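Got a structure for you, questions after.
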Amino acid sequence: MTNDLQALTQALRDFAQARDWEQFHSPKNLASALSVEAAELLEHFQWLTEAQSRDLPADKRAEIGTEIADVFLYLLQLADKLGIDVIAAARSKMLVNARKYPEPPVLPPG
Amino acid sequence: MTNDLQALTQALRDFAQARDWEQFHSPKNLASALSVEAAELLEHFQWLTEAQSRDLPADKRAEIGTEIADVFLYLLQLADKLGIDVIAAARSKMLVNARKYPEPPVLPPG
Amino acid sequence: MTNDLQALTQALRDFAQARDWEQFHSPKNLASALSVEAAELLEHFQWLTEAQSRDLPADKRAEIGTEIADVFLYLLQLADKLGIDVIAAARSKMLVNARKYPEPPVLPPG
Amino acid sequence: MTNDLQALTQALRDFAQARDWEQFHSPKNLASALSVEAAELLEHFQWLTEAQSRDLPADKRAEIGTEIADVFLYLLQLADKLGIDVIAAARSKMLVNARKYPEPPVLPPG
């Protein structure tokens, strides 16, 4: 994992420990919190058209950035509890996806 | 953003482009897919006790690692579409959280 | 609550009891399962356009009916555990919504 | 479907029509809103133990009743758009579940 992600993960550990929140941070509860944050992110989009979602005003984009951060922070905490390296897991999954959905051939012009 | 995340983001762009999937990847749809993957992650935990979730067998942990990867890959794609740096957003949100939930004082012994 | 809903609720109680599943059916776990089923329902729509979602083929509609049933069955079980009458709760909420979003005036023609 | 559910469904139609919200109520969007409400329901439970969730204080129970209503109202609207009878769908699914998870035999004492 990269230095940035390791530093974030360590900061999250320190944050939870200083507040005695580790008792609440079972993987079960973190997965639940992650899912709730993902829904808060989705809520911003639920009544927009797809076209509107591709062209958000700056203030809306900033709010959504905060929700993305919330999802990411719980994802890092859950991965940390389970000893999972998110970068390595993502790379492995991309290889699986590449086999599952082979690239279509590029057709010659004409 | 770190090199690892930049490389993953670029690989995701290339993957979608080669399959002509960009038409489906509106931020609205990506937020929906992210939420669905977060629920698939949660599904692994729904009937476990918290204690069981803290002590998963290796095979279960591997399956969950794959779900974490799915969430992460959609999160990176959504952030990329919106021009959001997930590391910077996460750091900002941690500062907000630190103000919102101040560290309790360490009490002297006795 | 109506006879139909009471009968369904009783059938769900009997079903869980006969399988000794009550130990798993804490409100926390049922809320989690409900959320997971709602995401499985959403999954059917995630790559469709809104227009496509308004014009589903019959087989897709049948699959979605099954997911709707899954959400409904967990909703009834959760409400039952908490002693909540879903019909009464729905009516109350509609009154709240009517105050929150007043009906716009009908403008006279011309 | 029962009279109560038919009346609720009709009230939801009238409510949306009077506010010109039908344009937003594609099945895709309703499924998204349903999923978001299910997560708001789950949020009440995320840091509770299962034991706490089985023994909620009255005010918390009332708040959760409101969230259950929100989920139910979107479920009815989505089912209405798709022409699905939720009671019939629930009964069918219970038959499927009964075949999938056969009742364990009752063992004789001793």
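As written, the chains take the letters A, B, C and D, and residue 1 is the first residue of each chain.
Keep this in mind: a residue touches a chain if its C-beta (ideal position, glycine included) is under 8 Å from a C-beta of that chain, and two chains touch if they have at least 3 such contacts.
Per UniProt, the chains are A, B, C, D = Nucleotide pyrophosphohydrolase.
From a predicted model like this one, the values you see are computed outputs, not experimental measurements.
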Shortest walk length in steps over touching chains, chain A through to chain D: 1
Homomeric contact chain C-chain D: same or different residue positions, threshold half: same
Centre distance in Å when chain C and chain D are each reduced to the mean of their C-alpha atoms: 2
Computed distance of Cα centres, chain C from chain A, in Å: 27
Set of chain C residues in contact with two or more other chains: 29, 32, 35, 38-39, 42, 45, 49-50
Complex contacts: residues of chain A adjacent to chain B: 1-5, 8, 11-12, 15, 18-20, 26-29, 31-32, 34-35, 38-39, 41-42, 44-45, 48-54, 56, 61, 64-66, 68-73, 75-76, 78-79, 81-84, 86-87, 89-94, 96-98, 101, 103-104
Partner chain A, residues of chain C touching it in the complex: 32, 35, 39, 49-50
Of chain D, residues touching chain A in the complex: 24, 29, 32-33, 35-36, 38-40, 42-43, 45-47
